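Next, two complexes with subunit A in common: one pairs it with subunit B, the other with subunit C.
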Partner chain A sequence: MKHHFIDDFAYKKGFLQRVDTGLKVILLILLLLCVLVIPEKVLFYIPFIILTFLFLIFSKIPFIYFLKRILIIFPFLLVLFSLSIFKENGLRIFLFSFLKSLISISFVFLFVMTTKMTALSEFIKKLPAGFLISDIFSFLYRYFFLLQDEFEKMKRAMISKGKNPKLKDYALLSGNLFIRSYERSERVLKAMISRGWKIK
Partner chain B sequence: MHIPDGFLDLKTVSATNVFSIGFLFYSIKKITKKLNPERIPLLGLSCAFIFTLEVISFPLPGGTTVHLSGAFFISLILGPFSGFFITFISLFVQALILGHGGILTIGANSLNIAFTGCVMGYYFYKFFEELFPSFKTMWIFIISFLTLITGSLLLLIELTISGKILFSKSLFPVLFAHTIAGIIEGIFTVSAISFLQRVKPEILKTQKI
Partner chain C sequence: MENKIKIEIKNLNFSYDEEKYVLKNINLKIYENETVCIIGENGSGKTTLLLCIAGLLKYEGEVKIDGEIFNENLRKKMGFLFENPDDALFMPRVFDDIAFGPKNFGFEEERIKEIVKESLEKVGLPGFEERVPHHLSFGEKKRIALASIISYSPEILLLDEPTLALSPVSKENFLKLIKSIRATKIIATHDLEVAVETGDRVVLLNKGTIKKVWNKSEVKSIKYLKNFLLKEPGER
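Entry: the complex of A and B
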C-alpha cells in the first residue's frame, strides 16, 4: 500500500522547518488557545487566515496538497452541522465553530508537516513522564503503517479465497491482527534487548 | 465521534483536559509502578493496533461505513490504565496526523472514548462478571454497547455546555447512530475476544494494569 507520510515536508528547507520543535509546540498551543477564545466576529479571524497562508508560503507547502489534507474534517463537520441547526441561531454558531475548526486544523497540520516525527518524539521525551509516552508514540508511528498493510493483506487473502468479509469476519481479522501485533512485540523486545536497550 | 477543535468552549476544554490529563498521569504512575521492560513493546504495538482499528472503515449495508473504537477490547486484554493510556496516545496521534478530533479537545475525546471504554467498561465488566460469572459473553456485549452510548451522551453534554447544540433535539439522532455503532462494537468485541480465547488464550492472561 502507498502511504502518505505526513512529515514529508519536514525535510524541506523552509521557515517553520527551521524553528525549534519545543518553540513550535508552545506556539501551536498559544495559537489554538487564541482561536478558541476569539469573539464571533469575522474581522478577528482574518489575521489567523493570513498567518496560515504566510506559513504555507514560507514553509514551501503546496496549497492544493494542504487543502486536500484539511478536507478530511468535513464529514465530522457535516454531522455537527446537522446537530447545530436545531438551535436558535444555529447556523451562525456552526459557521463560526467551523471557521475556528478549520483554522485550528490548519495550524495543527502546518505543525506536523514541518516537524520531523523523530524530533517530536525527542521533545516528548523531555516532558514529565515523557519517556513512556515518547516510546509508545515512536512505536505507534513505526508500526501503524505496517499493521494497516498487514490488515489489508489478510483481507485480500480472505477475498481471494472466495469469502466476502462480513462484520464477524472483520472481528476475526482484527483478532488475528492483534495476535500478530502481540507476537511481533515479543520479537521486537528481543531485538531491542539484543541491541542494548534498557528501560530508563 | 471525535470532537474537532473549535466546537467546545474554553470552560469545557479546560475541565475535560484537567480531568483527562490528570488521569493520564495517574495511569502512567500505575503502569510504571509495575512496569517491566517487556511491557513497553506490547503497549506500543497495542497502541498501533488500536490506531489501525480506528482508521480502518468497515462497510455496512446501504453503502455507509463505520469504524470501531476497540477501547473496551484492549482494556480486557491489557487492563484499564494501560488501555486508557494507549487509547489516549492513539487519539492524540489521530488528531495530530489525521485530523480526527482536535488537540485542545483531546481531553473531551479521551473522556468520551478512552475513559468510558477502558476504565468504566473494565470495572463494570469485572463487577458483573463476578456477580454472574456464567454470562461472560453477554456482559462483554452489553458493556461494549453501553460504553459507546455513555460516550455519546458525554459528547452531547459537552457540546450542550459549550452552547453548540440543543440537547433535547440532538439526543435522538445521536443515540440512534451510536446504538447501531454500539451493536457493531459489541458484536466485534465478543467475536474478537472469543477468537483470542480459542486461538491464543495466553494473550487474555496478560498482566492487567
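Entry: the complex of A and C
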C-alpha cells in the first residue's frame, strides 16, 4: 500500500536536512517565540515569510506539496479565529492571529518534513524521562501505517462485498480495528518478552 | 545428530479458559541440534505449543531446557520467529530491531553494532540498518525478523510458519537460510514441503494432542504425509 510519510523529504540532501536535530529543535523554539512576540505590523512578518520560502528552496521541498499540507489546517485556523471578528478591532486581531499561526505551523511542518523520525526519537531519548516519550513516539510512528493498512484492507473487503461504507460502517470498522490493535499489542508484547524485554 | 536432550516436555496441558484444553498431555523430547517440525490442522495447537516452550504462556506441566525448568534466565537461549513479521518488528529502524535482543541480554554497545552488521549479512540484507520496517517488502521483513533473533545467537529456534506467504523463490532462500543456522529448531508449519525438507522428525498434532511422530527415514515424501493427513482420524 502506498503511504505518504511525513518525513519523506528528510531523506533528501538539503539545508535543513543537514542541520543537527538538537540544533533544529532549538532553532524552531526560537523562531516560534519570535513569531509570538512580533508586533502587529505587516512589515515585521515579511522576513519570516521570506525565511519560510528560503527554507523551502534550500531544503528542496516543492512549494505545491508544502501548500497542500498547510491547507489541511486552514479550516481549523479559520474556525478558531473567526470568533475574534465579533470583538472590537476584530478583523485586525483575526488577521494577525491567523498570520502568526500560519507562520508558526509552516516552521513546524518544515522542521518535521526535514527530520528523520528516527533521529527525532533519538533526540527525545536524551531529554529527561525522554526514553518513555521516545518509546511511545517510536511505536506510534511504527504502527500508524500498519493500522492505516489494516483499516484500508477492511474497507476494501467491505466494498468488495457490495457495501459502500457509510458513517456507521466506519464506526464498525473502527471498532474492529480497535480489537485487532489490542490483539496485535498482545503479540508485540510477547515478541518483546521473547527477546529479553522486562516490564519496568 | 547428538543425543543430548535439549528440550524435554512432560505432561504439558494448556487451556485459555480452564474448560477446553488447547494442548493435552504433551510429552516430547527434542535433542540438541535436531529439527522437529510440527504439523497439523488450523487450531490444532501448533503455535500455542511453541509459545508454551518459549515461556510466553502459563501452562500446567513441565518444560525443561538443558535439564532446567523454564525460567527467565533461559530466555536468552531461545529465539522465537513470529508468523507475522510486523508483530516482531516494533522499532522505528531495522538497526534498533536487531539490536533490541542483544541490548536486553546485556551485550556491549560496541559489540552490538558488529552483531547487527553480521546478522544482516547472514540474512542477505547488508546495509539495511537505517531502513524503516514499513518500507520493506514482506520477504525482507521476514528476514529482518530472523536477523533480530539470530543476533543474540540462541541455541533454540522456535519458528512459527516461517515460509507462510512467501513467494516460491523467497521460500526457497528462506529455507536455505534456516537450514544453515546451527541450532535446535522447532518449526510449526502447514507446509509439508518444509516438514519433509527440514525435519529430522515430524510431529502430527491433532486437537491439542500428539497423534504421531515420524523419523526422517519414515517420512518418505510430501505425498505420503498428505495422504496420511487426508485419511479419516480413525483410519490413521
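Note that the second predicted complex is superposed on the first by the 169 of 200 C-alpha atoms of A that agree within 3 Å, B and C clash if a C-alpha of one lies under 4 Å from a C-alpha of the other, contacts with A are read in each partner's own complex, and residues count from 1 in each chain.
The criterion applied here is as follows: contacts are C-beta pairs under 8 Å (C-beta built on N, C-alpha and C of every residue); 3 or more make two chains touch, one makes a residue touch a chain.
Every value quoted in this text rests on a predicted model; they were computed, and no experiment measured them.
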| item | value |
| --- | --- |
| Contacts of A:25 with subunit B and subunit C, given as first, second, both or neither | neither |
| Partner chain(s) touched by A:98 [first = subunit B, second = subunit C, both, neither] | first |
| Subunit B versus subunit C as contact partner of A:118, first or second or both or neither | second |
| Touched partner set for A:139, first subunit B, second subunit C, both or neither | both |
| A:72 touches, of subunit B and subunit C: first, second, both or neither? | first |
| Partner chain(s) touched by A:196 [first = subunit B, second = subunit C, both, neither] | second |
| Which superposed partner A:188 touches (first subunit B, second subunit C, both, neither) | both |
| Which of subunit B and subunit C A:34 touches, first, second, both or neither | neither |
| First, second, both or neither for A:51, with subunit B first and subunit C second | neither |
| Overlap of the subunit B and subunit C footprints on subunit A, listed as residue numbers | 138-139, 141-143, 146, 184, 188, 192-193, 197-198 |
| Sites on subunit A touched by subunit C in the complex | 3, 117-118, 121, 138-139, 141-143, 145-146, 184, 187-188, 190-198 |
| Sites on subunit A touched by subunit B in the complex | 6, 28-29, 32-33, 35-37, 69-70, 72-73, 76-77, 79-80, 82-84, 86-87, 90, 93-94, 97-105, 108-109, 112, 128-129, 132-133, 135-144, 146-148, 151, 167-168, 170-172, 174-179, 181-182, 184-186, 188-189, 192-193, 197-199 |
| Subunit A-touching residues of subunit B, taken from the complex the two chains share | 1-2, 4-7, 9-10, 13, 25, 28-29, 31-32, 35, 37-38, 40-49, 51-53, 55-56, 58, 68, 70, 77, 85-86, 89-90, 93, 95-100, 102-104, 159, 163-166, 169-170, 173-174, 184, 187-193, 195-196, 199-200, 203 |
| Residue ranges of subunit C touching subunit A (in the complex, touch as defined) | 51, 54, 56, 72, 75-76, 78-80, 82, 84, 86-93, 96, 100-101, 104-105, 130, 132-134, 148-149, 152 |
